[in-house]
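Pasting the structures in now, so scroll down.
Two complexes, one shared chain (chain A), two partners (chain B, chain C).
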Partner chain A sequence: MAEKIIYAMYDDDDVLKDGAKKLVAKGVKVSEVFSPFPIHGIDPIIGVQNTRLGIMAFLYAITGTMLATIAMRYFMVTDWPMNIGGKPNNTYLDNILAFIPVTFEFTVLCAAHGMALTYFLRNKILPGLPASNPDPRTTDDRFVMEFRMSENSKFTEEELTSLIQTTGYVELDQKEVK
Partner chain B sequence: MEFKVTKNANILTLTLIVVGLLFTGIGIATSMGDHNLNTRIAGNLLIDSFFFFGIGLGALFFLALQYATETGWYASVKRVIEAVSGFLPVGIILMAVTLLIITLQDGAHLYIWMDDEVVKNDEILQGKSTYLNKGFFWIRTIVYLSVYYIYYRGFRKRSLLEDTVGGTDIHFTNYKKAAVFLVFFAVFSSMQSWDWIMSVDAHWFSTLFGWYVFAGMWCTTMITLVTLTLYLKKNGYLPNVNESHIHDLGKWTFATSFLWSYLWFSQFMLIWYANIPEETTYHLTRIKDFKFLYFGMFLINFVFPMVLLMSRDAKRHAGILTFVGSIVLVGHWVDVYIMIMAGSMGEHAKIGFLEIGLLLAVLGIFLKTILRNLTKAPLTVVNHPFLDESIHHDI
Partner chain C sequence: MHKEAAIREPLILGHKTYTDITADVCKPIEDKAPKMWYVLFSIALIIGLYGVGCIAYLIGTGIGVWGLNKTIGWAWDITNFVWWVGIGHAGTLISAVLLLFRQKWRMAINRSAEAMTIFAVFMAGIFPMIHMGRIWLAYWVVPIPNQFGSLWVNFNSPLLWDVFAISTYLSVSVVFWYIGLIPDFATLRDRVKRPIPKKMYSILSFGWSGRAKNWNRFEMVSLILAGLATPLVFSVHSIVSFDFATSVIPGWHTTIFPPYFVAGAVFSGFAMVQTLMLVMRKAMRLEAYIHTRHVEYMNIVIMVTGSIVGTAYITELFISWYSGVEYEAYAFINRFSGPYWWAYWSMMTCNVISPQLMWIRPLRRSLLFTFIISIVVNIGMWFERYVIIVSSIHRDYLPSSWSMHYPSHIDLGVYVGTIGLFFVFFLLFARFFPVLPIAELKTILKSSGESYKNAPDTHGHDGHGEGNHNTNNH
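Then we have the complex of A and B:
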């Protein structure tokens, strides 16, 4: 079934936020907001769940810590014990101070890269993929709210449009997708 | 809204001061005749004066940082920061009296470089005597303290003036003055820790030391600020402060305790790795006489905030913030205690009636001063240019 999507474009993030508040209070479901920068406080208004990226960051970081520890133990203690500055690395624990900076750096490296890649994959914005925003201007100075008719089945298209008209948009657009 | 000190708070601060002085008296009476007593009293005065002076100074620095960066979110808690920085005049008097008592006793075995008999037989101290001598030490001390006081008075005066006149002129004056203050502070905060604290271990030096002391100071300041804000909020003041402000203050607590741990570890690891005898002596004395306290306080000050304050919810939870804050505050006091006692008393140092008594007494004076400061001005600034931004602060 073909679905109808309505896009309302705004030129100010605060106007969009107030509009979203008003519409949600009337029972409209805003399915997505496109913006050139994060709009603080929009998530709870349109009902976006808290991000779980933090949990993933923690898991990536733990992975990094473990990899660094295992690798350094193998390089510096097991495979080829080295004597640096009169500190023989006969055991890992005796020389743990020297390994902490590397452990820390590798932890941060893994967490940062893991988070960035997860973010790209989750939002399907890897290089070369088609853009998912409805209008290129949302990467510049415009803000767009997206409404799907299937999620707003209690309104007719006219009712929804007239509701949106009270929120001070600058452009209204719609399209049909399969 | 005007703040009124509750009867309970008054009783609490008064009890703290009375019990503290009583304990101090008992402590002195029970160790009469001990030849270390003078050093112990002077050392404790230095620990507690510096610890609380540092909280006041940290608040002044934090305020200047907000001015210089033209931050918006803090406008709702500005008076809280000012109230804590308002301990500075008292802290300055405490520091000056303490240093005077130490100087009059020729260093009281705390600053051995003040003792001519010791310097006569010590080549290293002779080499340092152009910098470390009583005259120059007092010139520097007076310069630090008066610069801090002048800037504190200026910021406070302009802040109260802003409430009545408004406009942006005062904002831009603050912006410029704060930038200059930060330059002074960067130099002085390092130098004061060399003069007042590092010179207890007069033979030893570390270029990192100033930042390490400063980071500890900043962390205790942030804990004080977040706890005080939560206390006021709980009593129905500060209507503009929402969860996001608490979250920001919590983040600062988290970040500064990391900064402190980072600097502590940097100093420790570099000295451990280089393994030069004149440097390692600093940590060797601490490990010999204070092993449990030294590593215990590091673990508490590092692991506690890291594990408990990591999540977003914890930084917004009054109970967790207060719990972690109070423990880390004690941890940082122990840090200052070891900084001063290890170099002066060494194996004779102990935490008894005297230490706890003086800590409680100065804590009482500290709380009494900042609560009284809160009553002196409306708790919410009126004409701050970023007040609107702060009211709508949302993260």
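Then we have the complex of A and C:
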């Protein structure tokens, strides 16, 4: 089924933000916003949930802490208890101070790389993937709001267009997608 | 939007618009490279290749070709390693610590400072690797199951901590840098016309589209990476200092080493950033984005860290006497009055006296003066490491084995070669990568750009819609 998408282009982030606020108040669903830089405060207006990547980072971090602890305990206590100057590693706790630096580094390593990888996958950005911004200018100085007709079924196309008209856009475009 | 006091100097000079920022940063990439770039690149490449040749000779022959002897088993290799790691501390500090403190001036310098960090850490990594002698066995530093029975690397050793610290630091810095680069590569992808660069930037930009949710995640990832990288920066140079501080050599086993080394690293790193930025802003016509105010901020950091380093030198000296340990005391008396007095006093002049001149406002706002001091500081910081390392071990407990260190031409070649390679990488970066964070600069344009700041109604744009902007919507 073909779907109609309306793109409204703005040349200022504040104009777009005010426009979005006005439209949302009238019950319009802003499906997506494309911008060349983060527009602060747009997320709650158009209903974008805050990311949970922070929680993921924490989970990756404690995974790193645990892996480092388990591995070092095995290497230095179980498999080959190293005895340096009569100070053997009888238990992990005996010598834990020496293991702190590596534990910390490995925690950071896992948290940073785990989070970066999740970020790439969740954003669907990977080397070679095609870009999906509607206009090349949205990575320069233009800001685009996307309205999917399927998400705005209570308005007709004309009604929606006339509402968008009040927001001070600079260009209006529409596209059919399958 | 964050409101900034009108009295504060604008960070972006001139009447820039969003598209001006894009054009200004992309112009050097889209234009033909100037002749000077080719000249500098060729010089750097020749020096770098000479260094590679020296390294090849070193690996083929053995580390006997260095000027080491039985007493001085560690000299230029570790000096250069610590020097490069130190330089590699500014980038992540600028991007991480200053991000956490919401310092907007970091936007002008973070991209190239991070690039510099990464290349400097590459150069640092070369030294421990070639110092192993049999570089093809370098993977032995990794705890992997092996054919020698239960033989693991020693997790009690600071040298192994270093392996983890440096590799984590390098890889996390690369990730941090690249995540910031992706939106800017997308800008370039949508701008360039020629097919091959378009294809390249398209691959490099990972298909970034700038959706609201993408930016939401981008900001979160930047914040968390900054939070992770901040303790990382401090841990890395602390661990480097443990290489010395956990030993039993008078002059090395000093408890103040970790903070002292970290301050020294930031000190030398910012000096290197100044050296590079002052040339780059001119060559690439970025004077509107990196101007006197930015230079002044960095000079203040240099002044503060330089003072910390100076305090540490004097504390060390005092404690060596106050401790009552005659070996400790001798190590320091020998340091400033022994055969290496010239290295010690070069270090003191370059690192303690020169940053104090930054208290004088006209001097710290003078670009020429800053450029000279930045080079002086890096020379001084090289001497610092040389003094700590060589002067502490060249006269040990047994006077019959006292010795001096004379670098061989291979020592010199490897060191100069890494400087050449560093500039090869940096020049390539400046030619093909956006040297300023385009997207991030646009976020501060309205709060810190000259045209917006000085407009009486604080809102520079006009015409479209009803621009009823309240200043307290974040």
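One rule holds in what follows: the second predicted complex is superposed on the first by the 172 of 178 C-alpha atoms of A that agree within 3 Å, B and C clash if a C-alpha of one lies under 4 Å from a C-alpha of the other, contacts with A are read in each partner's own complex, and residues count from 1 in each chain.
The rule is simple: a residue touches a chain if its C-beta (ideal position, glycine included) is under 8 Å from a C-beta of that chain, and two chains touch if they have at least 3 such contacts.
None of these values were measured; they are calculated from a predicted model.
When the shared chain is aligned, chain C comes close enough to touch A:11, but chain B does not.
Within the superposed three-chain model, A:40 lies in touch with chain B and with chain C [touch as defined at top]. In the superposition on chain A, contact of A:131 is made with chain C only, not with chain B.
If you count the residues of chain A touched by chain B and by chain C, you find the higher number for C. By the touch criterion defined above, A:70 lies against neither chain B nor chain C after alignment on the C-alpha atoms of chain A. Look at A:54: by the touch rule set out above, it reaches both chain B and chain C. In the superposition on chain A, A:96 makes contact with neither chain B nor chain C. When the two complexes are laid over each other on chain A, chain A has residues 40-41, 54, 98, 101 in contact with both chain B and chain C. Remark: chain C residues 1, 17-19, 22, 143, 150-156, 158, 160-161, 164-165, 167-168, 171-172, 175-176, 179, 182-183, 186-187, 189-191, 202-221, 224-225, 228-229, 231-232, 235, 239, 242, 438-440, 442-443, 446, 459, 461, 463-469, 473-474 touch chain A in the complex.
Remark: chain B residues 265, 268-269, 272-275, 311-312, 394-395 touch chain A in the complex. Those residues of chain A that touch chain B in the shared complex are 40-41, 54, 85-87, 97-98, 100-101. The touching residues of chain A, counted against chain C in their complex, run 10-12, 14-15, 17-19, 32-43, 46, 48, 50-51, 53-54, 57, 61, 71-72, 75-76, 79-80, 82, 84, 95, 98-99, 101-102, 104-106, 108-109, 111-113, 115-116, 119-120, 122-133, 136-141, 166-170.
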